[in-house]
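Per-chain residue numbering starts at 1, and chain names A, B, C and D are given in the order in which the chains are listed.
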């Protein structure tokens, strides 16, 4: 047993991080936000009541193809078939990086469609999929999996995740719900780790009452609890990527959802008023984290699965 | 509207406090504990596996009669009928004081029996009552209300509250469940207020790392949250004593249960190792608070009542 | 412990209800939230109606033009207007609830005569220039400078989180007049006319997407020294005095509104089936307990204020800690009930969930409130 | 991320299982918890069996008489012994897990030869004299004095929270030898024979009613200077060195046990009908997630320790924060499931609920652990 990342896994993580930092740094994030937002910051007043302005194209297709070229979507396809021959652990590391930088788009659906839907593996096609009562990125997807009849657009809480509601779909489980849960958990983990870093960074530098706010025990403890949730979730997510056991995946998603949502909220609290502005990125982490909690049946289903696991099998 | 205590109510509270401080101060509490405990501190080893030693008589009958003489049990009986002609608000103030000092005995059942059961009003009789699946003080009661057939003694968590379990009783509601909830909430409030005081007192005086532990923000904030719960519960309990509205009572008991249980736990945390000894009183507050949460159907029933209230009536 | 209202209080409530029932249907349609001039006009129009009906400055002293109402009457007023769906105080907030009381309490006769009547009559709007980018929680660290030049102060600096700056006539401004002095000394209170040259207002967009706030940049703005309330360098005390006007009523309307929302959330859950989830249902029951208690705590604080002559003391911190937390819990529970629709910004509760996030930050973070409770109520040593 | 065990590790596990299956049925009956001499004999007897089977000092270096096992083997050992229901380390705890490693690491050749073999063979029991009534969280504030008198130190003071003091042969003792020195300086590590004159042991009853701990009063106890490990005044460093032996395994057995308890709690709920309460059921599901994650975090920490050579670093604080909280939640949930029986001290879970309260206090309060995480991992400025 050696749970640590292998050298190859570390290299993969470094590679994805470098790619995303280069191609989806803060400026690109804010530019995407302005596109989603119609007229950018100046359009804020219109945005408040939920209308999308502009042409509605938010995804950067060039970036999507670059992701494809870098193997983000084909990561788990066999090496002979144009893939990188990697496994779920490597996919989880890549999606964790995507979560860190708030990379937009139906990444999970496209990744899962690689090899099955033409163009998905290479990033030529944007693929989305119905998931329970929601479907993300319907208007910008080239291929839509599942029945989306009667889909109605919402004014999306997360400006970088357009969503449609599906009528009467309830919480029907998609066949690949397990992988959606796992990869979504990986994104949550990345977001949680990032908001913990942002909070600590802010606490080290922001001064109030003549000292960095991070010298106040109350702020220290908020940050410490954030890290505890991140590291606990990390252990669960990485382990689930190795075992692919349904109960492990359910545990990973529960803990990662919580780490991401509470992390973003605590990060906001540490930032005080400054985090409350549109210019801050903290709210984007919170809105995305909230959005992800709705995937694959949500926390309730995961908790029920984990309860059932307690009485059904061996521990 | 003037929600503040009247002068008479203040005087009543002062009176009860003086009586209890005089007759049930710390020495009396520890003496009762030693009686309950069989052979006192030296008998601790036996106590650990739950056996009661000694003659099993823990209640101080003299004190019980003094309580009767002071009107604790007859408080709400009409003045003509040997009572003090007071209302529920006054009873709540008295029971709050009882909760502060961890006064033992079936106080609520005896109070509720005053006027109906001979000797209850004067403190000549000790009255207990079955409540859901439990009955407190069965072995020392002179009068037992309700069906206690098949009662089995437990090794009581709270050494000063002997309890029997009733078979199959489930959570049948006693007819005076509303008043049990309210007066129990008043006791919880008193306990919560007391543990908040104890914690603050300890934090002001105990030094670690060259300063009072109360100068650490983490300790300050534990104490502050304790007070917030106390004051919120106080408003709810006092209001419920005025309105006797079932939803108000349910709210009062929920908040008072939480204030007492969490208050005692946080008080323990503030005390560190010193609170973990048998010699400290903090654990007695926690054990009593836990015991009281089982009364009158517990939190679940109260929450359901409050949920139903939201959709049934006017707000 | 008397929770019944006196005949006078009941009569006050009845008259108010009758008046509201008659006047609310005559109101013009609500303006778009993005049309500031229209919002100003709407809010001032409502204030004028209150003035004409004798409800303006209800809680102000009579000698300031107010009605000298008791805290209980003020509570009733806030409860009834909320329940009736009357307009919010809106653009009149700072004038009626902060700057006005400050002038009433600390201003000269001339200043009172100049500034108070237009507030009461709904003719002038005030905004607040207190917070700065580097002086949020630590307000006394403010750095906006003012120096005396003849009969004027010349002010440079910047302010943030200023509501209604775009349409305000006046700004109650805290400036630093003695740079060397210890933090809380050396601060001065000025009434700055918002049409003075050198003022730039920039809307500040919040995470909820709205622009309720603005940043205000001040570049050598001249403010007449006659606009100073209180002595030079005494502005911190001047500002704090105002708090005595609040008398436990600050959140009356909000608590009433939250109780209504909670009930609506429960009914929505019944409608969409989430009510069958016992965990969610009981969570709503628990929130019912919280908000019932918060209402009683409000009545408690108001009674205390009424009994002790008006200064609410630190009980406000206890209330704010409990309330800000409960409000966030409420909208989290609402999101649970909404299910997928919790991702819909078109749902009012979704926006409310976002804005509720500010409650543990604005007007003293929960961390600072806990310090206040620990040190001033529980007597713990000053935290470090 | 390799969670499979190597063939060597699997073989180690298989051999251990076989041995446990054979030996556990031969154990004498468990002694009463109140019979200290019998407990000592039982625990030492088990240690002797481990010694004879080659499992004694599994994680100690070979040159100290140990087996030099890897952290992973140690994890497997702790997992399997817990699952098999083998006796706990009991009276051998301090000798095997703290004093022994300290001597092994910092002691002279003579000291190692004198003290280590009896620990491994189950012949001598150690206890720990670190905490004092006024030095709990702030251990370095300890005041027990020792002064040199010829070849001895003379020690006066008192210690608290000492387990097995009644039956220990030796006490690893921290004393202050330089009263004027700054806190962490001036502390010295001594091995005190428990039969020395001047030692009084008084049982300390906990809130759970048990007397697992004792106070130890020292009145001019003479300890030979030859019993000092490390240099005079260097005892703080000497003590801290020992932590490197822990290697992420401190709570392996407990996590395994908690997962078993959680499963039992769920089965009990199914039996008594509480399982139908969706809120409670899902709460148990959530705890399943927590404890699964804690097991993985253990494997993670052990892997780190194995990879980096043994010093676990501050990851232990992260684990302890999460685990102590989860353990308390577990027994709170168990109480929910028990219903009225949660008031029965005769139920094991009720006692466990009480003792779990110490987990956020002992061995560094959660508050102190959070400071460590904030300052040493996240690099926040030193708290004040």
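Following the convention adopted for this analysis, a contact is a pair of C-beta atoms (placed from the backbone, for glycine too) under 8 Å apart; a residue touches a chain by one contact, two chains touch by 3 or more.
This is a predicted model, so every value here is computed, not measured.
For the pairs A-C and A-B, the count of C-beta pairs in contact is higher at A-C. Greatest centre-to-centre distance from chain D is found for C, with centres as Cα means. Centre-to-centre separation of chain C and chain D, using mean CA positions: 54 Å.
Averaged C-alpha coordinates give centres for chain A and chain C that are 37 Å from one another. Centres computed as Cα averages put chain A at a distance of 49 Å from chain B. We define each chain's centre as the mean of its Cα atoms; on that basis chain A and chain D are separated by 40 Å. Each of residues 216-219, 221, 300 in chain A touches at least two other chains. Annotation for chain D: residues touching 2 or more other chains are 277, 282, 367, 370, 383-384. Across the interface of their complex, chain B is touched by residues 1-6, 9, 72, 259-260, 262-263, 266-267, 270, 275, 281-286, 288-290, 292-294, 296-297, 299-300, 302-304, 306-307, 315, 318, 321-322, 367, 369-371, 373-375, 377-384 of chain C. If you check the complex, the residues on chain A that touch chain B are 216-218, 221. Residues of chain C touching chain A in their complex: 33-34, 131, 133-134, 136-138, 141, 160-161, 203-211, 277, 335, 339-346, 350, 354, 357-358, 360-362, 365-367, 370, 383.
Residue ranges of chain A in contact with chain C, taken from their complex: 41, 44-50, 132-134, 154-158, 163, 165, 207-210, 216-219, 265, 268-269, 272-280, 282-283, 286, 290-291, 294, 300. The part of chain C that touches chain D in the complex is made up of residues 277-279, 282, 384.
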